[in-house]
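Each of the next two complexes has chain A plus one more chain, namely chain B in the first and chain C in the second.
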Partner chain A sequence: MDKNALVSRLNKIIPGGVLETRRFGRSENTSIWIEAQAVQKIAMALKMDTEMKLDWLENLSVVEFEKVFIVTYFLRSLITRHSLVIRASAVPVSPGSEFLFPSVRNIWPMGLPMEEEAEEMFGIVFSLNNETQFQVKVNRLPENWKGFPLRKDYVFPSQFEDITHSRSFNKSNQKKSSL
Partner chain B sequence: MTIISSEPVRADLTLWEIGPYHSSLPAPMRLKLRLDGEIIAQCEVETGYLHRGLEKACELHPWRAAIAYMDHLDPEVAIFGELVLCLAVEEIGEIIVPPRAQRIRIILAELSRISAHLVFMVRMAKAVGSETIVHYLLRDRERILDLFELVAGARFSLNFLRFGGVSADITDGFIERVLDVCDLIRIRIKEYNDIFTFNYGFLKRSSFVGKIDPILVKSSGMTGPNARASGISFDVRKDMPYIGYDQFDFEIPLGRGEGGIVGDAHDRFLLRLREITQSMELLKQVSDHVPIGEFQNEKIDKEYIVPPGEAYARIESSRGLLGCHVVSDGSPCPSRIQLRTPSVANLLAIPQFVSGIRIEDLPVVLASLDLGIAEADR
Partner chain C sequence: MVESFYLSTIGKVLKWAQSRSLWYISTGTGCCADEVLDAMGCRYDLERFGCLPQVDPRQSDLLIVCGMVSYKAAPHLKRLYDEMLSPKYVLAVGACANCGGPFSPEFSYSVVPGVDQVIPVDVYVPGCPPRPEAIMNGLIALQEKICGQECSRFEIE
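Right, the complex of A and B next:
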């Protein structure tokens, strides 16, 4: 698979959609960084691409790095056996707040549970039509739980309803003790 | 996770809510069924009752402790969680794993696969109310757990793999014991077939029931034995070989619809039975090629800190593709460990294919999916 040819094809369909290509890890293929607003169009283009036919969203992972949220899509084709990693980033308007990000669940239906999990754990609301409604579905966490646990600035509550605990969850302490 | 049927809700149907705790469910989950008489018309699945914050827990502890946490991804098949994390970390750190350790890993992974499939058969037997075979299966599974205890000192949460190898070498006679267990199970499979697999009652309960269409397999992202039973040929061990699987000769069984049709509950059962045979063949090959040498990369000690970087590793667990995205910022704790578990896709498919089946078939269909709620909820 020629990655440069693919990038030029994508650039023709969505001008300015592809930002850059970077190596992902050491053994994985190149990752393509794309504009967050172009996620849906590029996802559709990759699924429909006659050479790639990326019909399977294998995984969707969210990573927070220096207050920037990076959404990584691990794509694969069951027909052509090609694989690709695409990535897009977004920053919340204010720390601790939810923010919208384009959803791909209409393109790859298997993305629905992955997006729902990211919504709950990171406060990223995956939206199909840039809806402004911030409604994070709560499934894993208790109904009245505050905050998004997988964010780096998340502070564990010392009390939840009638349950209290005194255990320290300070990561920096863990670092010192392990050193 | 709440998976809702795409069809509009009909008011003339009876509403049944099953769970979160019910004897017909494999683990805590809730099913909201709308019944037209005894036929399931619509289904909603709700999970999340077993969420333990596993990914967050990994971020709060040193790298070495993350291996122990990964045991709890699915305690029944602990080795797969450990393995996928080790592979990702070894890619970031460019850690060379000694060949002996690779072979030990394959042996443990295939033993875990056999063990998991035996437990699957237990669930199927319980779902159809066949008690006799349950005891036979658990008796034979004990022999595999004995092997785990022999090599790791534990029967379930092994905590045995390490970055760059395994925590201890296998003892003298371990390989012979593995082969003995394989020989025993090979004989017992004939016994299972006589008592259970082609039993008239079991065939009537599981054949032509819960057929999963290949289109649904693709749209839901299903992998593993459930997808292969529907005719989708994908196995990470063959398609993206790891820990040296490409050096061995083995076949990937596909659903053949022997008892009923391709992709039904009985086909999923038969496929796992064939996978047990395949794993035993693989174990036999591997046991002839366990080289003498180191079992752990000497440069990697328990204080090892993973250098900055990221990697994505994937393996074939007993339920399908298990992926792990690991990010390190060079600190003593992981920056992010994200897991892609196969049971999430299986749960996603449930509302699509249970519509139209009879309510009494639901426990058999659920058991035939081999759902791992522990790994789905994390």
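Right, the complex of A and C next:
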């Protein structure tokens, strides 16, 4: 598979969408850095690509690196057995706040649970159009949970619903036994 | 308020019977549940102590908490404990259930640091995970505690 041909094909469809091509870590895989605003268009182009046919979103991961959030899509094709990694980055408007990011759940439906998890853990709201209201759905964390736990600036809670989040070895904060 | 009254000889017999028929409900919240399953199995055979696994909290006397309890699971565990009929006992198995263990409050945001912050615990079994022998030892300690005999105890000042 020729990655350069793929990149030039993508560049033809979405001019300026592809930023650069890199080896993904120490693996043989190629990773393509793309513009965050062009994620949906590029995802559609990759799915419809006659040579690649990347029809399966294997994994979606988010990492915070020096206050920049990097979203990585691991793609695979069940038909042609090709695989590809695409990455895009975004910066929150102010630290600690939620921000919008284009969603791919209409293109690869298996992305929905992964996007929901990233939404809860990092406060990235994956939206299908940029007019969506900020509202993070909660179904993995307990209700009334404050903050996004996998962010670097997250402070552990000192208390959550009358349970103290610390351990002291005197018996005063333990419930009394029935015996 | 818990009302109680004292029975002398018949009380001893009742306590003896109670301690020898601890029907339990086990909550597999963590990886210690595997070890409890081992203890239930044919090699270690928890049933020879009179322990019978139950699925209904109303029919059980003992709640075995195996492993870590997350903040999301804590209210459900509390409800399970509240549904049990008195007299009821709790056995905390594993470092996670005792004090948070490897998920202690410095390293984890989501695990309750010790199940005794949610429900009262009678016997703590340390280990990560404890061997089935240790779980059996904890059970015998609980039986001795119910009978009012002295059991091995370790206190931290």
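Just so it is clear, the second predicted complex is superposed on the first by the 164 of 179 C-alpha atoms of A that agree within 3 Å, B and C clash if a C-alpha of one lies under 4 Å from a C-alpha of the other, contacts with A are read in each partner's own complex, and residues count from 1 in each chain.
Methods note: a contact is a pair of C-beta atoms (placed from the backbone, for glycine too) under 8 Å apart; a residue touches a chain by one contact, two chains touch by 3 or more.
All values reported here derive from a predicted model rather than from experimental measurement.
In the superposed model, A:Leu141 makes contact with both chain B and chain C. Taking chain A as the reference chain, the count of touched residues is higher for B when chain B and chain C are set side by side.
In the superposition on chain A, A:Pro149 makes contact with both chain B and chain C. In the superposition on chain A, contact of A:Phe74 is made with chain B only, not with chain C. Legend: residue contacts after superposition of the two complexes on their common chain; A:Ser61 is shown touching chain B, with no touch to chain C. Of the two partner chains, chain C is the only one touched by A:Pro157; chain B is not. Using the contact criterion defined above for the overlaid structures, shared-chain residue A:Met110 touches chain B, although it does not reach chain C.
Of the two partner chains, chain B is the only one that A:Arg26 touches; chain C does not reach it. Of the two partner chains placed by superposition, only chain C is touched by A:His165; chain B is not. Shared interface residues of chain A, touching chain B in one complex and chain C in the other, are 141, 149, 169, 174-175, 178-179. Contact residues on chain C toward chain A in their complex (touch as defined above): 2, 70-72, 74-75, 86-89, 99-100, 104-105, 109-110, 112-114, 116-122, 145-146, 156. Listed in rising order, the residues of chain A touching chain C in the complex are 141-142, 145, 149, 154, 156-157, 160-161, 163-167, 169, 173-179. Listed in rising order, the residues of chain B touching chain A in the complex are 1-3, 46-48, 51, 53, 55-56, 59-62, 91-92, 94, 218-221, 232, 234, 239, 303, 309-312, 314, 321, 323, 325, 327, 329, 331-333, 335-336, 338, 340, 344-345, 347-348, 377.
On the chain A side of its complex with chain B, the touching residues are 24-28, 55-59, 61-65, 72, 74, 78, 81, 85, 108-110, 112-114, 116-117, 121, 137, 139-141, 149-150, 169, 171, 174-175, 178-179.
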